[in-house]
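The following pair of complexes shares a single chain, subunit A, combined with subunit B in the former and subunit C in the latter.
The block that comes next holds the complex of A and B.
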């Protein structure tokens, strides 16, 4: 969907437990520091990754996160792909509404994560899992 | 894999007959591989115990680590690996403690009878020692895992102190990842301390929390609401610029909960509310 040449090997992290969410966060922070995102952008990306990883675990029943660095010629960035084979999201618009939750959370994870990153792409549907790609570019 | 009765009895015979030589050589090999980190006396005791348990197991039901008669042997192996794990030895060093027996037996068999049976015996014996080694390995890993679990629990206890920083003011400095388990501990501690010290104010400091996501925010909000139900006011402090921007982007609302940039600001805020500051400054102006 976006112009961006993958650089380096993507690093994958399985998401099977709460500890894995922490690992995803640490991995994302390491990569974000490596491509020199500002402290604010690092924090935003890490927080978005935390939300999406937890969604993958709680709603998708576990999956993977793949973190890679991207380069569009002008700027570098971090791209993360969250994938699960869970039930998928039936009503995407509703799921992206602030305050809507089926799991007892604040209902801001998915919608909030979208606001925290520069590019947000979601591929989902009933019974075909969910695949979310987010990218944050350095400024 | 169990050994045949015949092999079993021959090996028991060997173990018994060369008892002195086997244990001596075994201790020697272990001492070399562990490089003096365990005393000779300690090693000798372990080796003799293991040797004794093997003979006992063989006498009462053949060499089969799975069998009921090998219960004592399993216990000795488990004890050995537990000890090694706690003393900080690696898994390899632990398993080698058992595998060294192979070398010892090879030496014994070489100088003993040299008929065709010897090789077969050795191979059979070898597989038994492998089994014992694997068992040691498993026990080792289990012990390490329980050690890690213990430490995680200790960390949970350590990292959530609730401190009284002023008359009627308690503070909770949160450090690290705030997952559900820790959030629960924090909330319980805070509420209990509020009762114990009858404090009307609590400051929750999140300087040490690397990322505030919706789950962390929800835990904090729940804690604040619970404290309110008990009549205490909460102030959230330690909100750094990047955290503030992230919270805004996420859309988290802290509502009418007072938030401050630093713990000092939060304390000043509380003292102002309780009128402590005015009382403290006045005498200074007079002098």
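The block that comes next holds the complex of A and C.
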């Protein structure tokens, strides 16, 4: 957890189906609007959330997204934590490479999502699942 | 599961995506469109994404796939109405929307399809003997 950052009360959304991925997008948009992210930043964050929520479902076998507001004294932002108890990512460098995929997609989910947010943190390993934390700050 | 309606207007199929699509809905739309192209013999498909707040890699891939399927079935696809924020995000995400033709709105999309069909009738480069790109050895 970043020091000196106040976290608002988080809202959680389970990710167990296609429809839940849609719900994650809607929840993230609502919070992004509430902290007054610009339209482009809202769009980037919701798109990143959509990619990561789909990864949680497809690769992690389902999990949760926890959305909260953050405040570092200067700016406000939105933080989302995607967590699953899946097999974990075996080769993180490879998984973060544009175009690499094991799931038949375009291989842009993880690498693309990282480009769309301000902070991106990933904790993964065999037997302990995957936990990805992203933050987008207001300008 | 929600289903996106496909409307026939003259020689064109118009799809206006008004819902936040689940992945399953997107895949269903792909199949519905392929069937409607064959059933109607339409030569143009316009996909209006004015109402879409985001286009992620899944929807982007769906649009590319629809364009490819349509081409095989002798129809042109034009994607219209992309919001500026969506365009900016798509590029940063790394999606190039390969093979997809775009226009600003439905009207321009229809003009583009009409112009493409006219060109095809007057000049078909696949039949041009000097065209090296058609050499399939």
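Keep this in mind: the second predicted complex is superposed on the first by the 134 of 139 C-alpha atoms of A that agree within 3 Å, B and C clash if a C-alpha of one lies under 4 Å from a C-alpha of the other, contacts with A are read in each partner's own complex, and residues count from 1 in each chain.
One rule holds for everything that comes next: a residue touches a chain if its C-beta (ideal position, glycine included) is under 8 Å from a C-beta of that chain, and two chains touch if they have at least 3 such contacts.
Note that this is a predicted model, so its numbers are computed, not measured.
A.B. asks: Putting subunit B and subunit C on the same copy of subunit A, do they fit or clash?
C.D. replies: In the superposition, subunit B runs into subunit C.
A.B. asks: After superposition on the shared chain, which partner residues are touched by A:112: those of subunit B (first), subunit C (second), both, or neither?
C.D. replies: After superposing on A, A:112 lies in contact with both subunit B and subunit C.
A.B. asks: Is A:50 touching the first partner subunit B, the second partner subunit C, both, or neither of them?
C.D. replies: In the superposition, A:50 contacts both subunit B and subunit C.
A.B. asks: Touch check for A:40: first (subunit B), second (subunit C), both, or neither?
C.D. replies: both
A.B. asks: Just to be sure I follow: which residues of subunit A are touched by subunit B in one complex and then by subunit C in the other one?
C.D. replies: 18, 22, 25, 29, 39-40, 42-44, 46-47, 50-51, 54, 98, 105-106, 108-109, 111-113, 115-116
A.B. asks: Can you name the residues of subunit A that touch subunit C in the complex?
C.D. replies: 18-19, 21-22, 25-26, 29, 39-40, 42-44, 46-47, 50-51, 54, 98, 105-106, 108-109, 111-113, 115-116
A.B. asks: Under the touch definition given earlier, write down the residues of subunit C that touch subunit A in their complex.
C.D. replies: Where subunit C meets subunit A, its residues are 20-24, 53-58, 60-61, 83-86, 88-89, 92-95.
A.B. asks: Mind pulling up the subunit B residues that touch subunit A in the complex?
C.D. replies: Per the stated touch rule, the residues are 177, 179-180, 210-215, 217-218, 241-243, 245-246, 249-252.
A.B. asks: In their complex, what parts of subunit A are in touch with subunit B?
C.D. replies: Touch list, subunit A to subunit B: 18, 22, 25, 29, 39-40, 42-44, 46-47, 50-51, 54, 98, 105-106, 108-109, 111-113, 115-116.
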